Structure formats: C-alpha cells, structure tokens
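Consider the two complexes below, in which subunit A is the common component and subunit B and subunit C are the respective partners.
Then we have the complex of A and B:
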C-alpha cells in the first residue's frame, strides 16, 4: 500500500516536471488529465488507509473536475486560438529543467521539519506536494502564453490539494467543494479573459499587458 | 564452473548482436510496409566486409587503425564482466557500474579520436557532436547509477541484479522507475538511435556516428559495425537486467545458465523490437534540441536520487 502511495506521488512529480519539458500545449493539457487522475487515485489510496467514505466522494469529485471538466475547457481555449506551442518561454526549456531540479531539492529541504513532526508514510511524501506548488509558481513566472498561465495555476492548485491530502488526509468536504468551485470559476474567467486578449491584441502573449486602458 | 558462465555470455553476445540489429531493421521494414532483408543480413554484410582489405586515408596515424580494435575490445570486456546471463563470475570484482560506464566512454573516445585523425570535415564534425552527446549523457548515467546503488549499498552490477531478484516489488518504487526512464534516454543516446541519431542516414546535416566512421573500409569497417551492434546489445542487456532482473542465473549450473540465455535473448529481442517500433513513429530531434532531451533525463536522474533517499 505504501508502495502504491509512493508510486502515485512519483507519478505526480513526473507529470509536473513534464509540463516544463513539453512545448505542445495540447500535450500539456493531456499531462494535466494524467495529473488529475493521479490526484484522484491518491485520494482513493488515502481513503483506503484512513477508512474514510468522505475521501472516496472527494476522489470522484477531484477526477470529475481535474481530469474531465477543466481539461475540456482548456481544449476549447486551445481550439479557438491558433497557438499550439509555448514558443518563447522567458527561461529556455533546458534551463527551466535544471531549475526544476533545484526547486524539487528545495522542496525536500524545506519540508524536513514537517516530516520530522510526525514521520509517517504520508508525511514522507509531502515534499512532492510542495515541489508541485513551486513548479506551478515557476510556470506562472516564466511562461508567456495565457494558456500556460492557466496551466501554472492548475499545477499550483494540484500541489496544494496533494499537500492537503498527504498532511491531513484531505480538508473537510465543504472546504474541498468550495475550493473546487473556485478553481472551476477561475479557469472559466481566465478562458473569457484569454478570448478578450485575443480579440484585442491578436495573440495571448501576456507581455502585451503593460498598461491599463479603459 | 563459473568461468563457463563468462564464456557462454561472451559467445552469446557476439552471436546475438548482429542478429539484434537485423531484427530491429526487419521490424522497422515490416512496419513501414517493406519486405526487409531478413534478420541475418547484418551477419552476411559483416562476412563480406571481413574478407575485404582495409584502407587508411593518406596522412592518418595509428590512432585511426587502432580505434576499431579498442572499440571492440572495450565492449567485449563489458560483455564478459557484466551480469547478462549469470551473476556468478570470476570477474565479479570488475563488474562495477562506474567501471562499465568508463569502458563505454573509452570506446566512444577512441572512435571520436579516429574521426578527428582523418582530418576530413565530416570526421571532425561527427566527433564533436558525439562528444557533446556523451558529455551530456554522462552525468545522467552517474546519477541514475547512484540512485540504483543507494538502495543496494554497492555499485557492483551483480549485487544490484541479485537484489532486484530478491525483492521484485522494489522495481515499482518511484526511484527505480525514474532511474529507468533516465537510463532509457541515455541508452538511446549512447547507442545512437532515434531521436538522437539516425543510424540509417548519411545526410551530412544530421549524422553523428556515421560521420565519424565514413573513412573506414573493409575489415576495419566490419569491426566498427560489429562493435556498434555489440554496444547496442550490451546497453539494452544492461538496461533489461537492471530493471527486469528475472531469469538471470545466480548459480553456475547448466539449467540455470540455459534459462539465463533464453531470458536474455527474449528480453533483448523484445526491447529491440519495441525500440524499433518506436522509431517508426519518431522524427530525429534537431541537434540543438538534443541537450533539452538529455537535460530532461538528467532531471529524472536527480529525481531518482532524491526519491531514493526521501521516499524509500
């Protein structure tokens, strides 16, 4: 069981890193689907370990939202736009992969005190969640396409969810519901924003957003 | 008795290596809708080339003549010491992961020097590219090897393989899986297969390995071709036995050795077929994108090492 938990955590980390590696935005959306499924699997495994029915419901909700609904919205954004690739990240791919290695080591170093508080199988894997959060921030900072920004935000959210699952066995159901709805709303709002950006500037390079207009 | 294992292993690898290349070409041909030349074609080519007289370009030195021999010899040493068929061997002490990596690099450097020695534009270009790829692949091999040996507490290949046989569940741990991905990328790069290098092209803009060996002819060319087939077999065999260690003989008895031979041939044939089938759907990466691929595999190596310590 512990083996399965660690395997899922390894998969989560791998899919987050692959987001930095791949350039095709459609491949990145596919990676997010994989990550949503893995997150649901993580919740299921924890439900088995903690004997909690609530977590099973949460797992189903996570898969429905993060592996089905949000990717569908992202695909629609992708289809409407004409940008299939992240052409010019501010930091090139090779450098961002090396940076990702450092961020992951940083996550391990930073979560040492947390792990020491209660060394169990779940808390051992907390660095994975933190690393996902850091990688999400990194994508947000260095990528320029609006869709990549949404991807970075989702990565960040997945990281927070994974950390919550691993530390406390999931937040209460009502909070989980609120957060999920929030994520959905944010993605929808960003989708509208992306469409507006495209009609105004003809592209979704966020560097164009230098000043406010009325 | 345990020397028998070494002899069986070396003979097996020598016989199997050209057939592996033949099988891979055949798989590719069938998937592309061609009839193919059959799995025995590389051996027929080698027999023809071995009968022809070698030629050296004017002005080339002994480096050019010695390189094929060094390449074949260093690969044969790996074939003798690594646990391909049996883990018990009188050469056990030499079967160190880092020694094997160093031997592989020795062959690469010998061939690159020969490419430079000819003084042609292509030779130098191929050598510089090969060294770039090797320099980028080396850190990944060391990191992935470190991740594998951290669990066992030894860099001895036989120890790693035996440990893998004793605890089959460990193969599914994140550290091992990440190391497997990292090493797979490196195996593809070191063996000069797609998407890093295309073994069937002689287009000057893309070739790496072929550019270095353009000046070889006759017996020397046969040695170089044979050595590259042997390297491919050795790399695939090492990967297979590190991550799928089942069937490798742990005693030197005849039935165990026979099982080891069958398991090795099956594993390498399946891996080769998978690699060839994958190549059909893949285009060669632009040379300037290769560092990206290898940086990715380096990251997998880092992740493997970190998770072997933190998620163990």
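Then we have the complex of A and C:
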C-alpha cells in the first residue's frame, strides 16, 4: 500500500513538472486530467488506509470535478479561441526545469516541520504537495496565455488538495464541498473573463493587459 | 443566547440579502427591488446592533457549531450593515444614471442587483462562521460574486482589472486555504475536537505544534493579506477599486478588506498562544509597515483620484494590521473603531467620487479643478469625507488613530509609533495637497487637456446634462454616514462597550 501511495505521489509531481515542459495547450489540459485521476486515486488509497467511507465519496467527487468537469470547461475555452500553443513563455523550458528542481528542494525544506510532527508514511510524502503548489505558482507567473494562468491556479489548487489528503486525510466534508464548489465557480468565472479578454483585447495574451498603471 | 432565537438572529442577516438577490433575479432591477436591497443591508445592521445586547458584556449568540456572533462578529456585522446601507442606497441613483446614459442595459442592471446583495451575504457568512473552513470559503465566495461587478462596464480597462482581481485574489486565498489545512493538521494532532472550530482552537491554542503553526500563520498572513490589499500581492486593489462601480468600490474598500483583516485577527489569537509572540508580531508588522510605506509613496505620486482612494484603503488596512500586530485589547478596540470609521468614510468618498466622475468625465486629479465653486454640495461631501479619512477631529478616525498610537507606546513599540506617525504625515501632505486642487483650484477652462470633457464631444455633453442634479437618494445616505462617523468620534456610547468586549476576545497582553 505504501508503495502504491508513493507511486501516486510520484505521478502527481511528474504531471506538474510535465506542464512546464509541454507547450501544446491541449496536452496541458490532458495532464490536468491525469492529475485529477491521480488525486482521486490518492484519496481512494487513503480511504483504504484510514478505513474511511467519507474519503471514498470525496475520491469520486475529486475525479468528477478535477478530471471531468474542469477539463471540459478548459477545452471549451480552447475551442472558442484559436490559440493552440503557449507563445514564448517568459522562461524557456530548460530554465523552467532547473527552477522546478529548485522549487522541489524548497518544498522539502519547508515541509520539514510538517513531517516532524507525525512522521508517518503519508506525511513523508507531503513535500510533493507543497512542490505542486510552488510549481503551480511558477506556471502562473511565467506563462502568458490566459488559459495557462488558469492551469497554474488549478495546479496550485491540486497541490493544496494533495497536501490536505496527505496530512489529515482531507478537511471536514462540508468544508471540502464548499472548497470544491468555489474552485468550480472560479474556473467558470475565469472562462467568461477569458471570452471577454478575447473580445476586448483580440486575444488572451496577458502581456497586453497594461492599460491600468500608476 | 442559544436555541431558536439565536438561530433566527444569526440566519436573518444571511437570508435577507439572499432574498433581495432572488427578488432582483426574478423581477429585474426595479425600485421595490432596490429598496429591498437597502432593507436587507439594514437588517444586517440591526442584527449586529441587536446581538450587542448579548455580546457587549462578553456573551455570545450561538447557533450550533457553524454560526456564532460574539462581540467581534457583532462589530463586523455593524460595519457590513452600515456601509451596506450607504452603498446600496446611494447605488440606486448610480444605477439609474448608468441606465440613463446607456453605460449598462437591463440585463447588466439585473446582474448588479443580484450580485451586490450576494456579496453582502457572503461577507456576513464570513464574519458569522465559527468554522475556519467556512470562513475561508465565504471569503473566496466574495471574489466570485464581485468578479463580474468589477467588470460591470466591460471596457478594456474593467476587463483587465477583473482578470487581475480574480487571478491574484484566488491565488492569495488559495495560500490561505493551505494555511487553514495546516491549522487543521496541527489541531487534529493535538486532539482538538472539531478541528477547525475557532472556539475549540482558541481553547487549545497552546497545544498546537509551533513548527506547523508558524508555517500556517505565514501562509494565512500572505493569503488573507492579499484579500486585504496588503503587500506583496496588493497590485489588484487599485485596478479593481478604480474600475468597479462606485457603490461596489465602497463595499469592497469599506467592508471586504476589513473582513480579511478580521480573519487575521481570529487567527492571530490562536497563533500567539502556540508560537513565540515575537514571530507573530514581527510578521504582521513587516506586512503592515511595508504596505503603509508603499501606500504613502504611491499616494504622493498619484494622478488619478479613484486610485488615490484605493491607495488610501491600503494605507488604512495597513494601519489596522499594525494594530493587530500590537494586539493588546486597546489596540484591537482602536483597530475596530478605525475599521468602522474608515468603512463609512470610504463609502462617502467612493460614492461622491462616482458622482464627480459622472459630471466631469475624467478621473484625473489635474483635470478636476474648483469643484466647490460649481457643485458645492458634492464638493462638500467629498471634502468632508477626506477630512474624516485624514484623521482630523471631530471624526472617529482621529480618536482611533490616537488610540492606536497610545496602544503602540503602551506596548513599548516606540519605534513603530514613530514610523507610523511619520508615514501618516506623508499621507496627510499627499492627500490634502491633491484635495485642495480638486476642491478649490482654478477652474479648468484654460486646460483643454486630453481627458477633460471636450465641449464638442456630444456623448460627453449628454452625460453631463442628464446627471446635473444631485439626488436626495445619494445625498441623504452620505450625509448620514458622515454624521455617524462624527458622532462616533465625539461620544463613546453607541459602540464603546462592544469594541472593548471585542478587544478582550482577540486581544492579548
């Protein structure tokens, strides 16, 4: 079981790093689907380890939201526009991968107090969650397409979800529900805003957003 | 108070705005709907004031584990309700003008009518939530409902502002969620029953693991700090506040930012018990003073009066966070009084700035001159609001700023008091100089500048002509707000006891 847990965590981390590597926006959305399925699997494994029925329900919800619903919205954003590829990111792929390695090290350093508090098999994997958060943040600040920024936000959110599963087996059910609903609504809001960006700015290049300044 | 009456008292301020939103959805933007929205805000205010009967002497109104009103929540309810009444009341005229000038259509007005009360409801849930997860979800909910309010006009600028707003605030608040998750972890490990219940966490605060709590608190300060417009993720604020409709700016600045500060106050009292108080104070001081410095610098250089008001919001929230950093009961009480005064004063300023924009057609400071000579009532409201915000007597911000300085000195933080006073002086010089130009400067006739309404442009002339008269529905709530801020500055009775009770709840010696 521990092997499986670590395998899933490795997959989660790998899928986050792969987002830095791929530039095809549709491939990035596919990676998000993979990550959503892996998160569901993580919840399922933990449900087995902690003997929790609630986590099984959460696992189903996670897959429905993160592997089906949200990617469907993102594909619609992709289809509405004709921007299949990320244009030049601010940082090239090689530098991104180096930065990713640095961020993963940082995540290991930052999560030491978390692991120290209760050094179980699950908490040993917490650095993966924090690394996903940092990688999501990195995608968000270095990519220039609106869709890539949404993806960065979702990676960050997946990282937090993974962290929550690993350290406590998830937050209380109602909170989990509220959080999931919020994520879904944020993505829907961003979908509408992306469409507005396209009609008012003629594209979704975030660098064009420079009318407001001091 | 518990049981059914408590349930009613806690649910009324949540249900009333939701009902107003439903009415707007079903009927569209009509006069009865607009009045119902003002009434819903008034219900929030009344619920806050009424709950004070139980909470002012340290009691609470509890409805189960999820919703609860103590003195601190009561103060926040009063702020939400009071600013809500002013903003929704003044908003009636604002929306009428928008419709008359074709800046929005029936559908846009309906959306506004639905989203504004939902915004109020989300903030009420945030301050009534006893569960910190629910508090988080409600604060995130405010981002969702205000996204389309910021982008109300759909111009390039407002689309840009709403994109930045949603992205930056969602990321910031996601960091706060990570912090919440870590608090949950520390609590479960310490065996706290109902691991995100604030009352439980406060009772067991000293048993929480310091290492985890330190990381959690840092994330929470950055996360909720984003929503409060504090550095390092503050850049959304001037854009969003300058682009949103004036009444929405008033609500965002006057209430939404304080709700985020409120969340920090709730977490601070948990954090100080477990981790070294120096860390907590140092972190809050760093964020607060850096934000104050940033606001002072950008206020000096500001050329746009709506952005001027936005940076002034950062300044006041920074001051509130410095108050939290000091953290004595006196400091907390002064911070809360400051939040009340700032909320009402900023509502007056944003609403009157909206009227100025409608008349002058520009937000540039150097294009609006000699307002007093042309529209004395509007100029008087704007000027009085600025005087209040600058912390001059008789307004309550004078009292709260004195209180904050006294609390800093009392806690032995002399250097903080000195830095804050110096920066406040810079802010005073910056704002008063620019305000003097707007209110008293020479009329702009000799300045055919780019953004002043050119006489030949028919659209602009039409705009100015249709909004010539200042409505009673705008003047009455704004004058009322100014009177309230002045009363709070002169006498202690309406709020004093409640503020001190709140100071006891989240203050530490």
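Structural remarks
Heads up, the rule we're going with is that the second predicted complex is superposed on the first by the 211 of 214 C-alpha atoms of A that agree within 3 Å, B and C clash if a C-alpha of one lies under 4 Å from a C-alpha of the other, contacts with A are read in each partner's own complex, and residues count from 1 in each chain.
The rule we apply is simple: a contact is a pair of C-beta atoms (placed from the backbone, for glycine too) under 8 Å apart; a residue touches a chain by one contact, two chains touch by 3 or more.
Here the structure is a predicted model, which means the values were calculated and not measured.
In the superposed model, A:118 lies in contact with subunit C only, and not with subunit B.
Contacts of A:51 after superposition on the shared chain: neither subunit B nor subunit C is touched.
By the document's definition of touching, of the two partners only subunit B reaches A:17; subunit C does not.
In the superposed model, more residues of subunit A are touched by C than by the other of subunit B and subunit C.
In the overlay built on the shared chain, the residue A:97 is in contact with subunit B alone; subunit C does not reach it.
When the shared chain is aligned, subunit B comes close enough to touch A:6, but subunit C does not. Shared contact residues of subunit A with subunit B and subunit C: none. Those residues of subunit A that touch subunit B in the complex are listed here as 3, 6-7, 9-11, 13-14, 17, 21, 93-94, 97-98, 100-101, 104-105, 108, 124-125, 127-128.
Of all residues in subunit B, those touching subunit A in their complex are 169, 172-175, 177-178, 181, 291-292, 295-296, 298-300, 302-303, 306-307, 310-311.
Every residue of subunit C that touches subunit A in the complex is listed here, in rising order: 131, 133-134, 136-137, 140-141, 143-144, 147-148, 151, 154-157, 159-164, 166-167, 170-171, 174, 177-178, 180-182, 184-186, 188-189, 195-196, 209, 211-212, 214-215, 238-239, 242-243, 298, 301-304, 307. The residues of subunit A lying in touch with subunit C in their complex are 110, 112-114, 116-118, 133, 137, 140, 146, 149, 153, 156-157, 160, 163-164, 167-168, 171-172, 174-175, 178-179, 181-182, 185-186, 189-190, 192-193, 196-197, 200-201, 206, 209, 211-212, 214.
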